[in-house]
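Across the two complexes that follow, chain A remains constant while its partner is chain B and subsequently chain C.
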Partner chain A sequence: MKYLSICSISFVNLISISFSCFLFSLYFLLNNMVYFIEWEVVSLNSMSIVMTFLFDWMSLLFMSFVLMIASLVIFYSKEYMESDENINRFIMLVLMFVLSMMLLIISPNLISILLGWDGLGLVSYCLVIYFQNIKSYNAGMLTALSNRIGDVALLLAIAWMLNYGSWNYIFYLEVMQNEFEMLLIGSLVMLAAMTKSAQIPFSSWLPAAMAAPTPVSALVHSSTLVTAGVYLLIRFNILLSFSWLGQLLLLLASLTMFMSGLGANFEFDLKKIIALSTLSQLGLMMSILSMGFYKLAMFHLLTHALFKALLFMCAGAIIHNMNNSQDIRLMGGLSIHMPLTSTCFNVSNLALCGMPFLAGFYSKDMILEVVMISNINMFSFFLYFFSTGLTVSYSFRLVYYSMTGDLNCGSLNMLNDESWVMLRGMMGLLIMSIIGGSMLNWLIFPIPYMICLPKLMKFLTLFVCIFGGLFGYLISMTNLYSLNKSLLNYNISVFLGSMWFMPYISTYGMIFYPLNMGQLVVKSFDQGWSEYFGGQHLYQKLVNYSQILFLMHNNSLKIYLMLFVFWILILLNFLLFM
Partner chain B sequence: MFNNSSKILFITVMIIGTLITVTSNSWLGAWMGLEINLLSFIPLLSDNNNLTSTESSLKYFLTQALASTVLLFSVILLMLKNNFNNEVNESFTSMMIMSSLLLKSGAAPFHFWFPNMMEGLNWMNSLLLMTWQKIAPLMLISYLNIKELLLISVILSVIVGAIGGLNQTSLRKLMSFSSINHLGWMLSSLMISESIWLVYFLFYSFLSFILTFMFNIFKLFHLNQLFSWFINSKILKFTLFMNFLSLGGLPPFLGFLPKWLVIQQLTSCNQYFLLTAMMMSTLITLFFYLRICYSAFMLNYFENNWMMTLNMNNFNMNLYLILTFFSIFGLILISLFFFML
Partner chain C sequence: MIMILYWSLPMILFILGLFCFVSNRKHLLSMLLSLEFIVLILFFMLFIYLNMLNYESYFSMMFLTFSVCEGALGLSILVSMIRTHGNDYFQSFNIM
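Right, the complex of A and B next:
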């Protein structure tokens, strides 16, 4: 059983499917082929409900990446969740999660998308509450309910799609793009995608979902759950590019990017920093998508999936060694004690920053340069580049806190770098996050983008990154007598560090008045008047009547017989005198 | 019960008395049957070794004798006025007859003797009192056709039956109030048709037979005995309470069927007010049956150290289980047969 654990079996299966998907995607890409499979489930009043699968290079490539990351994550979980009693349930949940993601990826039909979409929502809830404590429950509920908004939007979109007689949206997007109904569908789908990808009004669930086990975070926040929204909008891209939806999305997504980049600079929780960085990368994908460059979004989605999964896996290994502490202030000097893990951690961090020739560089640099040559206003331009600087800043801050200096954890703590199964899982992704960017670049863009920029603008990205790194290093370098600048501007710091109050707004803000009202109603109706005039009082009355009845039963028999005789006499009286 | 040959005699005579009443074509004959029935039931009730049953038999005798007197008196009055023919068209006279018959059967305004008397009886006599002794007076009531008094009696019966059982811990009183409640339903079914009355009566007898059968075997007289008695056999406890619910008329069980018939008939006769009163009061009875069942099934209970083992022989057990099967699944089976037809 040691060698045939559920992790090993799933790993082998998933990785082989992943390879075959990858090969198929290469074949489809080469021949420019699309396979479309349709199975009619039921036909009703000329409406047919069909299960549809669309296989093109994009879905196949995405599937292969998701499956590869999932297989490595499961392999990694074999050691990470080793002492967990319910590891089988855990792996099955992860597998169901991957299955829902597959369904979502290959569906070009709104109803069959909903299948995968709801599967993702449900299983993500089960995974977030996997560790059973109040914090997890709260995080899970926040996650589930935020995603529920998107589910509702998708259902509404299905209802509106009824107008066109079929839910295979890919046939209608281009033809109907100027119609009001299609715009409505587009806005609903955009709402759904924004909840899944945690864009600005719905951002608060993503850091909260860090309550899930770290392998889940590695899977969920790199390639599956949060990218589902981006992928959906890649499919619906036509609707976004030529309407106000795209402009709105551009604003919200770049604000998300900015907000989470700032927030990550104030955060001390290792996993939350990574979650906020995911959020900022999602903002980047969404914003470039809203400008119409869906291939670039797809590109960044894939490369980001690689290094972000690696980053989370490294974080998991570190958390294991820190006795389950996630506070980066307690870390330090890890590069000496855990060299291999730190290597992976740094490589993925640099890839995230866009270090040349790592995975992130190709996609991020190209996105930023495309932004520069596009028609875009100053505000969005500022957000793009400032956020890029912030990304490097919080990455360097993270590296500074965790990798350099001395270990600040308890003195009886043993660090080791000999968790071989986890390391093996990470190695696979390490290679991918080094070579993934260039490989995808050559695959997806057979003809290179033509980008023509003056020298200053060309170096703007690099400059911003170097400046951001410097800034991140300097703000973290504190000593005993240093002046805490963020404490001077306490209000602003709290605002920026708490994701612009979004967690409070989407939890307390939403529930405060309804909950108070509910308490009032419960106290005054359910447990008050209704109870008084309903069950309890009625019961009390009936018991009283019953007591009165038995009072009457207490008399002797002759009284009853006398009463009967009186009654007969009364009747006789009537009989005789009427 | 049957080890005494005199009891066989009295039971036979009691049955004959009822049959005379039911089959006679004159009021005098009916009265005679009732008297025969009464006089043979009294020796069945009294037990020399038991003070309470003697007292009960005396109470029964006094009450029934008074009722018979009034019945005879009013019958003679009727005959005097109507030249010995049997037609009942004189409302006050027939109201007197009706009153005496209601007293005999123990319906509501004249029910006070019934629970008090039943408290002193053993279970088999209680069963006779609840079922067989009702046949003759109810048949006679069906000959009379005055709605008003009957209506009042029905409503009072169901209400008294419902409210009286609410605070009860004695099983015999509980059963007697349940009997009064069912008597209300039977009287109301009498207003509509005799066949429905017959059906109701048969089902009621069947259900109360199962319960009294068990009570008699295990000598159960109080509710707390029910809770603590059947520790050894959860099945017996469970089925017993299912029978309770069936007697109360909870829908998936057989006891609902006669109620269903009556409800349907009354609805088709537009007797909505009566029906509302009956159903509301039956809800109260169901409430206290359910309350008993809840506390028996769900609350923890005391176990008796001195508890006897089950002293139920195989035949009784089989009989009980077969009857219980019908009581629990009867309604479903009947509905299925109806579908098959």
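Right, the complex of A and C next:
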């Protein structure tokens, strides 16, 4: 039974499918091939509802990466969720998630993509509420309802797409590019993608979804679910490039990147810091996509998936060893106690920062240089580079808190680095996040980008990163800054540290008046008038009538006699005087 | 006309007696007393009636005898009830 657990079986299956997908994608890439499979479900008048599968190098490569990360995450969960009673349910949920992701990736049809899109929403809700407590339920509800906005937008887009007689949008994007209806469809799809990828008005669900188990965070909330929106917009990129949609998306996405980078510098929850860094990288992908460089967005999506999943897996191993505490203030000195995990953690952190020749370097550096040679305004330029600096800043802050110094945890705690199943799962991704960037760079870009920059601008990225790293490390050293500077500017640090109040706006802000109205209705109707006229009044009436009836049961013969006599007198009265 | 006046006084007295009987309902003794009052009115009416039937007043003796027996019977019930139950409340008849 040791080798036949659901985790091992799923691991072997998923990794073999992933490998074959990778080989197919290489073949398709080399021969520039696209396979297009259609199955007609129903045909009504001139509209045909079809199930469409599109296999090109992009979908196959994305599928292979998702499957590889999923297989390693499932392998990792074998130990992480070892003592969980419902591990089978957990693995099945993850597998269903992977299935919906596959359906999403290969369907370039607005109707058949719903199968994957809604599947992702439903399964991610089930995964967020996997640990059954109030906090998870709240986070799950926030996640599900934020994603529901996107589902509604997709349904509206389907309704508008009826004009064209088919929902295979890839055939209409270029032809109908300047039509108003197509722009409307594009804006609705953009809204859907923004909810899935947690862009600015809908950002609050991503840090909240960290209530899920850590393997889920590694798979769902870093590499697959949140990139579904980016992937959808990569397919829709033609609409974004030359209209106001792209400009709006550029603003919102770069603000998301900036906001989450700032927020991560104030956060103390290990998983939330990583979630905010995911959000910042999603903003980077979205913003470069909105400028029309969809290949770069795809490149960064793939490399980011690798090192971010690794980062989450390291965080899970650390959380296990810290007795399920996620507060980074209680960590410290982990590089001595857990050397191998710390190595993985640092490699993925450096890849995230864009350390040369790790995975993140190739995509991130290229994105920033392409931004520099593009026609872009000052504000977006500032947001791009400031957020890059912030990324390095919070990564080094995290390293300062967790890796250096002394352990600040409770004394009755055993730290070890011998959870080999988890470590093996991490090793696979460690190799990928070292070699993944250069490998993909060779594969995706057969002709290299021509980038021509002056020396100072070329070094700007490096300078921003070094400065951000120093800043993040030094500002965390409280012995240097023994006075807490963020307390002196309390208002602004609360504003920046709580994601610009977005969690409050999208929870209390949305539900305040409906809840108040509900309370009013409950108090005045359910527990008020309807109780008064319903249950209580009926009860009171019954009591009163029964009391009168009980008076009759009192056997007061004389009272009956008296009534009888009076009755006779009245009758007599009638008899005599009528 | 004179006959109505002749009968009306005992009728009114009879109705008052009935009212007195039905309104006294606490003590058995007071009920017996008001019952006694009704018996007296009846005796009065019988007397007037017998005066109309050739002054056959002897018949009223029979009525008086029976009413005395009734009174004695009622009082004996009263006494035995007080001796067994400690009071003479009419309401406690239902426990007998």
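To be clear about the criterion, the second predicted complex is superposed on the first by the 522 of 578 C-alpha atoms of A that agree within 3 Å, B and C clash if a C-alpha of one lies under 4 Å from a C-alpha of the other, contacts with A are read in each partner's own complex, and residues count from 1 in each chain.
In this text, a contact is a pair of C-beta atoms (placed from the backbone, for glycine too) under 8 Å apart; a residue touches a chain by one contact, two chains touch by 3 or more.
Just so you know, these numbers come straight off a predicted model, no measurement behind them.
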- Task: Applying the touch criterion given at the start, work out whether A:Leu575 contacts chain B, chain C, both or neither, answering first, second, both or neither.
- Result: first
- For A:Leu561, decide between first (touching chain B), second (touching chain C), both and neither. both
- Message: Going by the contact rule set out at the top, does A:Leu453 touch chain B (first), chain C (second), both, or neither?
- Response: neither
- In the overlay, answer first, second, both or neither for which of chain B and chain C A:Ile373 touches. neither
- Message: Per the contact definition in the header, classify A:Tyr545: touching chain B only (first), chain C only (second), both, or neither.
- Response: first
- Contacts of A:Leu30 with chain B and chain C, given as first, second, both or neither: neither
- Could you figure out whether chain B or chain C reaches more residues of chain A? B
- Residues of chain A that lie at the interface with chain B and also at the interface with chain C: 555, 557, 561, 565
- Provide the residue numbers of chain A that touch chain B in the complex, in ascending order. 542-543, 545-547, 549-550, 552-553, 555, 557, 560-561, 564-565, 567-568, 571-572, 574-575, 578
- For chain C, which residues are in contact with chain A within the complex? 15, 18-19, 22-23, 25, 90-91, 93-94
- Message: Going by the contact rule set out above, which residues of chain B touch chain A in the complex?
- Response: 59, 62-63, 66-67, 70, 77, 90, 92-93, 95-96, 99-100, 103, 110, 112-113, 115-116, 160, 163-164, 166-167, 284
- Message: Quick check: in the complex, which residue numbers of chain A touch chain C?
- Response: 555-559, 561-562, 565, 569
